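Both of the next two complexes hold subunit A, though its partner changes from subunit B to subunit C.
Moving on, here comes the complex of A and B:
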């Protein structure tokens, strides 16, 4: 492979990861607030179909994306209402919604199957696009890919650097304490769940209007992406920066699976295609290794300096979910 | 700030939780509020801190009537509450904990907050690193953090709900010094407790609540007998110390060494005899927890041997220990001891030796009724364990112990319980001793340790003292040892 192929390939990884990023960061925000939106897989399919249908009908890409965000927000509102107001199980409701929205997308999407639709145009960023290597790698894409970079930064800043972001962490971690400190816990949970849902909903049209343009029903190749996004959210330790790393890693592994195929004829192609999944699981194990008892004992036997270093390292890698994830809140 | 409560009423369904309570607290006073579990103390404090609203009655601050809509509203009026389990965010940094909920712009200025924090901490003699994480702190340090935060937010009235539960005695000394200092600055402290000795040591005046009513008040100096009589409607005494006649050796530890992430315990040898009670004293995290778990086979020693009645069980799992009559009762009753969601009957069925595949409900119900009666548990066979009060949960745990037992290991047997329950629990435990069991228990309540133990082991950052004779040891001596003073240069363990 020459340098050019690699740059084009890596640029492709950034584009392919963009919808995943919207989904993963949307879910991260929602789970930070204490609500798991398990419907993500179906939501992405339904918003992909809906966004495509709207864009084809109105010939407006903007309306297509708005429709996707609207669908995501609407599904999230159902999750929020049933779990926050009705205090039902988020797992049960989310799971059923994941199935319903998936089938709904296939059923309602029938009239739009295989239609020619608009595509999100590429838009080179002036000046930046002309820089060698960096330009083609980062700045010769479409608007949504650029927005995905911005989203990582914004979400990270919001959660860890702003006052409302601290409160967001608080309502997912210990709602009673957040309430004492002045938060309207349930209202905030509604807000962040719906916001997160809208971001997940943007992933759909980003596929159907750009990354995997068109709507082809069950062979659109989108089924399953939501579940991957869900596992990347966990891999990301509810931190947008780490989640972004996970999304890029996954897209990179998938691309490697494709490009390595010709050079490794002995390895069945299925192995390379499936490899990203066990690799993700392995990383997840590594990240949480600090919880194992033998690790604790090994640490105890180390000299003081090394022990402190490794304890800090493990602590930084460890990711524990928001303590009140899935737990309804009642102020009494 | 002067705090006045005027005929506060609060109903929960049929229960009259606060019945016409009137209370005047002058500025600069430490006011004690006494009462057994369920007397209405918490309700009254929830009303004052804005968690709930009274059905009727007025709250006046410095003579001005105010209405408190929420806890956040209360702190704006200068009323802050320190909860028994500090309401903070364990996985966050201390500085973020401090900022969370404080008003200000979108981007908080951490440098300024850290500076404020350090100034305040210095002023009250606390040493907490603002960049560390809350879950690395002890309960006592988390209390200090919350107190600092409330002061930082401008609290002039502090409500402290059972603050001495779960902290070490040296932290208690520090806490009390801080509260006295705050009172001297003109702030009003409201100290809610069921521990008489704490109220006696700290408060200027105290009131007693019983069944939602204010029964009486008393100024310093207090008459403890009168206070107890007011709390329970009758006089209660601890009774004389009982000295056990030790029998055969039940547990012997031979040169046992333990290691976990935080500390190492080296080369401990100990013989525990039938009928003996051994108290393990020390600040939280000094090694007594791993030590107790090692005796139950829940932690594997890195060296030495654990023998039960002469049989070497080193490295065997907990079930082998259990089989030899060892029972372990953890501090977190609902997390490790009981199964939330299951009823008392189901617990008794679970604890029994299984007889066949199917559950004999009728037998379980009979068993439950019998045990509920003999252990005086306030509940029914179909009550779920989480619906019981702390004291009744502990009774339920004790009633689950099977016969015969040779060794009972307990963490904080009476934490958070009122004195009546404490006496009851210990009478049941002493019964076990008379039947030939030995007891090892951890407690942060030094008086409890000395009252009920025959011998005491003191723990200080992994060091273990020689067994002390409880009858020959004073609370002061014990407190010194726990704080790391008075240890021989080279501990011969």
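Moving on, here comes the complex of A and C:
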């Protein structure tokens, strides 16, 4: 494999990871505020279908993306209403919504199956695109891919370097303390859940108008992506930078799978299709293993040097969810 | 008196929720210019109108009930098993393999072994997330969903490769399906309908699960762990072991549902690339049926029949009234949302009632010494 193929491949990884980034960072934001939007798998499908349908009908890519964001926000609003206002289980409502939105996307999407739709055009960034290696790698893609880079940075800065971001952390970790500091906890939770949902909703049209262009119903290959995004969110430890690392790692592994397939003719294609799932289980295991009781006991029995090494390793991999994730807040 | 009325209301809540969902559905039908009374009439006719229709309803209800029984066990142990689809697929694969391999053995033996194989297959597929949760702290909702995806690809691989019907393997079309099971291995049917022995088996197992949960130490411990893992640990229960057992048993019943589906209805496995192509989403709908039955194995029987009826009836409503299929899905979704919501509401009311009862209780004589304890429990 020569350098050029590798650069094209890696550039493809950046493009393929873009929708995942929107979904993962959207979910990270709403979970930071204390609301799990478990409907993500269906939301991505519905917004992919809806965005494609709108783009085909109106011949406008912009409207397609807006429709996707709108669908994501609408589903998130249902989650927010039922969990914040009605104080119901986020898991139950989110899971049911995941099923309903998935079925809806297949049924409502029937008339748009296999249609030729508009595609997000590539747009080279002037000057930057001409830099050797860096240019083709980062700056010869489409607008949404560039926005995905910006989004990582913005989300990270917002959460960890601004005052409202501190409040966002507060309403997810200690809503009572944030309330005392003058935050309208439930209103903010509504806002961030819907904002996160809109970002998740952008992932859909990004697939159907660019990365996996078109709508092909159940064989669109999008079913399951939302669950992967959910695991990456957990792997990312609710930190946009680490989540972005997870999304890029996942896209890289998928690409390696494709590249390596011809060199392994004995391996059935399903193995590569299925590989992400055991890998995600493994990452979830690594992230959580530090909390297991027997691990603590094993560590205590180890010699000093090994213990220090493994403790450090486990702490680096570990990720704890916001303390008030899934807990409704009542200001009484 | 008032509390008895309140309990009655709670027991009827799922039914009220279903009626409310159907009422919302009626409004949507009116908007489409369809007479809702006629539409629901055809739904009723399709589900219960004739002995054959009712048999079809029971055929649909059987896998729902089997999955629901497993869900009763796992949800009572406070583990959320969303892997029913994958567990059904794995159970069906193992059972089909048994049925296609031991072709010169007597029918009753092969059927028994196949059902056991389905049970074991599902148990393995449920037990893995169980071990991951109990010993590695991996969230079981995510791991069971991922196990679903793995099971589907395993099925696609096996039905296109090692397990493909030999006659299909020679054709160009290569439909991904296994060979048909021998007639001797089919579950007995109540001819002329498609109602098979699996329905009876499911009902018997509902009683078995009831006894397991409320009359055995194993069931008591699973429920204790579900109610309060910390207290259970101090009572000497090996909490991780019962988390694994809850998910393992839950998966086993879903696996059995897959085996019964092959040996009672389809007589072969065939894939369209997705899990629901084989399961008909019973792995998911079974969760709803169990919630509808208030996580009680015996109440899950009528709950499963109701959802079986909705599935069969919705089909005939679609045919008879030209109701768009999207509306049928929306209607099913509405019922699910209403039922699940009402279930959560019921729990809240229950807790509130208990809190009120605790407050109204006269203070014991040694109130002084009890007070700190109560405060602790409340915190």
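Just so it is clear, the second predicted complex is superposed on the first by the 279 of 332 C-alpha atoms of A that agree within 3 Å, B and C clash if a C-alpha of one lies under 4 Å from a C-alpha of the other, contacts with A are read in each partner's own complex, and residues count from 1 in each chain.
One rule holds for everything that comes next: contacts are C-beta pairs under 8 Å (C-beta built on N, C-alpha and C of every residue); 3 or more make two chains touch, one makes a residue touch a chain.
Values in this document were obtained by computation on a predicted structure and should not be read as measured data.
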item: Broader residue contact with subunit A after superposition on the shared chain, subunit B or subunit C; value: C
item: Which superposed partner A:270 touches (first subunit B, second subunit C, both, neither); value: second
item: First (subunit B), second (subunit C), both or neither touched by A:230; value: second
item: Contacts of A:297 with subunit B and subunit C, given as first, second, both or neither; value: first
item: Contacts of A:284 with subunit B and subunit C, given as first, second, both or neither; value: second
item: Contacts of A:108 with subunit B and subunit C, given as first, second, both or neither; value: second
item: Subunit B versus subunit C as contact partner of A:130, first or second or both or neither; value: neither
item: Shared subunit A surface residues [contacts with subunit B and with subunit C]; value: none
item: List of subunit A residues in touch with subunit C within their complex; value: 38, 82, 86-89, 91-93, 95-97, 99-100, 103-104, 107-108, 218-219, 223-224, 227, 230-231, 234, 268, 270-271, 273-274, 277-278, 280-281, 284-285, 288-289, 291-292, 294
item: Touching residues (chain side subunit A, partner subunit B) in the complex; value: 161-164, 166-167, 169-170, 173-174, 176-183, 296-297, 299-301, 311, 315, 320, 323, 331-332
item: Contact set on subunit C toward subunit A in their complex; value: 80, 82, 132, 135-139, 141-143, 145-147, 149-150, 153-154, 156-157, 161, 272-274, 281, 284, 325-326, 329-330, 332-333, 336-337, 340-341, 343-345, 348
item: Subunit B residues touching subunit A - in the complex, by the definition given at the top; value: 51-52, 70-72, 81, 87-92, 96, 99-102, 104-108, 133, 259-262, 264, 302
